Amino acid sequence: MLFMVEMDVNIPLGFDPEEAAQLKAAEKARFQELQQAGTWRHIWRVVGQYANVSIFDVPSNTELHDILMSLPLYPFMTMHVTALCRHPSSLHDDDR
Amino acid sequence: MLFMVEMDVNIPLGFDPEEAAQLKAAEKARFQELQQAGTWRHIWRVVGQYANVSIFDVPSNTELHDILMSLPLYPFMTMHVTALCRHPSSLHDDDR
Amino acid sequence: MLFMVEMDVNIPLGFDPEEAAQLKAAEKARFQELQQAGTWRHIWRVVGQYANVSIFDVPSNTELHDILMSLPLYPFMTMHVTALCRHPSSLHDDDR
Amino acid sequence: MLFMVEMDVNIPLGFDPEEAAQLKAAEKARFQELQQAGTWRHIWRVVGQYANVSIFDVPSNTELHDILMSLPLYPFMTMHVTALCRHPSSLHDDDR
Amino acid sequence: MLFMVEMDVNIPLGFDPEEAAQLKAAEKARFQELQQAGTWRHIWRVVGQYANVSIFDVPSNTELHDILMSLPLYPFMTMHVTALCRHPSSLHDDDR
Amino acid sequence: MLFMVEMDVNIPLGFDPEEAAQLKAAEKARFQELQQAGTWRHIWRVVGQYANVSIFDVPSNTELHDILMSLPLYPFMTMHVTALCRHPSSLHDDDR
Amino acid sequence: MLFMVEMDVNIPLGFDPEEAAQLKAAEKARFQELQQAGTWRHIWRVVGQYANVSIFDVPSNTELHDILMSLPLYPFMTMHVTALCRHPSSLHDDDR
Amino acid sequence: MLFMVEMDVNIPLGFDPEEAAQLKAAEKARFQELQQAGTWRHIWRVVGQYANVSIFDVPSNTELHDILMSLPLYPFMTMHVTALCRHPSSLHDDDR
Amino acid sequence: MLFMVEMDVNIPLGFDPEEAAQLKAAEKARFQELQQAGTWRHIWRVVGQYANVSIFDVPSNTELHDILMSLPLYPFMTMHVTALCRHPSSLHDDDR
Amino acid sequence: MLFMVEMDVNIPLGFDPEEAAQLKAAEKARFQELQQAGTWRHIWRVVGQYANVSIFDVPSNTELHDILMSLPLYPFMTMHVTALCRHPSSLHDDDR
């Protein structure tokens, strides 16, 4: 099941740079794990923002919630979730 | 170059159903042409709305503008365009 | 899977009252069918509005979309969909 | 009498984790007490947010106010209250 | 139980003036009936607007809903309902 | 002359509780003084908020401004002022 | 007593030009009458808008309401009223 | 050339009162200098707010910008600038 | 003196196409006249919208107002005007 | 390819003035470098704000993103990016 998740990241001025770097590395590792599993299907940067637009493919709302809440950068993120579904005109099986 | 385009369709109550059906068929044909060309890379329905979230891959802003303005349903659409770019963490070459 | 759907109904001034009555009767029949099936789990009126707050329990986003788009009053509704999930503190199995 | 209460929780970065854990435990205990009393009829998590949608059944506005203001996490919450009432089409006596 | 109801009235340009006058007279009669019953406790005009701020005292949400929906000018009104309760500092029993 | 004033109070987390208690006591005393003088005609709590809706009866805008700016809790309040006037349909001389 | 009133005028496309010209002439005459009386103290156009920012000096809220509601162009206007008062730093008696 | 400038002042809780008093005195002095020069033509307090509505008469946008940015309280202000012009109906040469 | 003007054009569905074409031709002619005069310094299309972002260079607010209000498409436009000034860091005399 | 970027700068009260001066000097140097390269085609100050409206000409979305994210003042900026394209009516080759 598909969801668009728009994530804005806001790390406060003066936050310890080393801790920030560790969180970002952990976030990247977790992201790639989920990408390889096919759960985090797409991610794009929003130009000029520390933000992304992502597409998730999950078996249930609960699983999506658990994934998002456990992201390393979650405490610094504002999220907006939109439920999507396959468009009937699409020729790609992939855009399920 | 990647852009997210969010399209809301609003065909007024009492609009001629036959004309609406023709416009939708023309829209679908144009969409599939652009999808096969790799220009309209993704499309998803927004649950509960006559609306979609789409990802375009175009050589320039001008080309995107010309594509959007000439869509058969354009006069009935409200559009919101967001410039995107490849996310450095992505493992997929495809999310360029 | 649970979703909150907030529905506002706006039938234009001067709309044929008989046609409106037929649409409302069809909406009520469809609602009760879905309520008995356990799909439309809850519905409440919003005080002072021709509007409701509803909870749906569906197997997928696509099924929710198809249900909402085919409601008899859909062309007169503005909808807002929010993905929900079971709260871990809840003592009721029912609030799944 | 029914009310929807939408609660967003925002515990600041750097808040003492032990105190936070105690507040959350107290909140959970209070919630379950109210749920068993039939006052806090429903609670659902909002996907991707530290937030919930709740339905309260109370004898008066004043009682609802007193309950909400005395929640252990109240100082960290933003609340939005919507007065609801039974929908005439509902087949369930329960959705009073 | 107390509620603030903010009502904005918008009668479209070109609406039959005689029908408008009848609706306003019926609205005034209904208002005074409810005012005398102590249900519609207060009403004030908003300066520069065809709008009012009102305070209702009703036994239940449902009764408020039924009163508001059956006002003669309801189809021309936008309403915003806010649940209130007695303020503990008030010296007036009347501001219950 | 009548005005509605909507006041939201926001005392920051970690503010000295004793100082807060003193400010609240001073606010209550000032409120009751103004209520007895007939200046602060009504006050109601907004359910679920540390907020109130109030009606003031003052001889001039300037007097209202001076009263509001000198409230003990003013530095912690967000205020919204709406000019009101007597509604011609009202049967109560009191709703002047 | 001083008030800022922001007025936006919106005469619909296709409205009879002669009737519009009559309404504008009546509005101008009424404005100049009020300006000479010292009631409508200032008026300025907002650049690029069919809109103005005005300052009224009136003895009461009710008088302001009656003046605004009886303007010839009132049915085509959206108004926003803000209560003002003399600024203590002003050297001009005129900015009362 | 005329501009409306709406200024909201927000001095944080706990800011040194002596420094605040000095800034306010400097602001008042600068204001009166500009008022006497005819540049800051009008100022009014907004009732219930630490805010003002002002009218400036300046030879150019740049001069207005330089004046506003160098106000002693500028770092504590949020400003909204609206370009105005003389209203053709005005009888006062003064409302140029 | 420089101003940014953001213009959104909205010609209603069903508007006579011939009249629309005449208005657009008149708008284009007027635009080019003002562009050659150096008054309408820049114009850009907003991607996906029937809208533009423009930069005007005018001797006064009044002249800008008169130019905008007399544009052939003005009755179909929503405008937003922002006063600009030369940026001190700019190396181009042209960005005055 | 053209983009409008609206930048608001917000340096917190109490930020070290020397560090701020260094950041501003670095920002100015970087800006002038990009202006000379033809990338940062235009910049204007917004009157009364520590903000600018800028026009960028870049080969791709990604390049724009990299430029914006690496600006010395980026951590203090809020940005809004709008994709633009050449207007067909423009007589200037320069407004490409």
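Letters A, B, C, D, E, F, G, H, I and J mark the chains in the order given here, with residues in each chain numbered from 1 onward.
Keep in mind that, in the parts below, contacts are C-beta pairs under 8 Å (C-beta built on N, C-alpha and C of every residue); 3 or more make two chains touch, one makes a residue touch a chain.
Everything numeric here is computed off the predicted structure, so don't read it as measured data.
Under the touch definition stated at the top, chain D and chain H share these contacting partners: F. Of all residue numbers used at the contact between chain B and chain J, over half are used by both chains, marking a mostly same-residue interface. The chain pair from B-J, H-I or B-C that repeats the D-F interface, sharing more than half of its contact pairs by residue number, is B-C.
Put simply, the C-alpha centre of chain B and that of chain E have 45 angstrom between them.
For the pair chain C and chain H, the distance between mean C-alpha positions equals 51 Å. One inter-chain figure worth recording: chain B and chain D are separated by 40 Å, centre to centre, where each centre is the mean of the chain's CA atoms.
Among the residues of chain J, those touching two or more other chains are numbered 2-3, 45, 47-48, 61, 64-65, 81, 83-86.
Inter-chain contacts, as defined above, occur between A-B, A-C, A-D, A-J, B-C, B-I, B-J, C-D, C-E, D-E, D-F, E-F, E-G, F-G, F-H, G-H, G-I, H-I, H-J, I-J. Those residues of chain J whose C-beta lies close enough to touch chain H in the complex are 13, 45, 47-50. Chain J meets chain I in the complex at residues 2, 4, 28, 31-32, 35-36, 42-48, 52-53, 55, 82-92, 95.
Residues 1-3, 60-62, 64-65, 81, 83-86 of chain I are the ones that touch chain H when the two sit in their complex. Every residue of chain D that touches chain F in the complex is listed here, in rising order: 3, 5, 12, 61, 64-65, 68-69, 75-76, 79-81.
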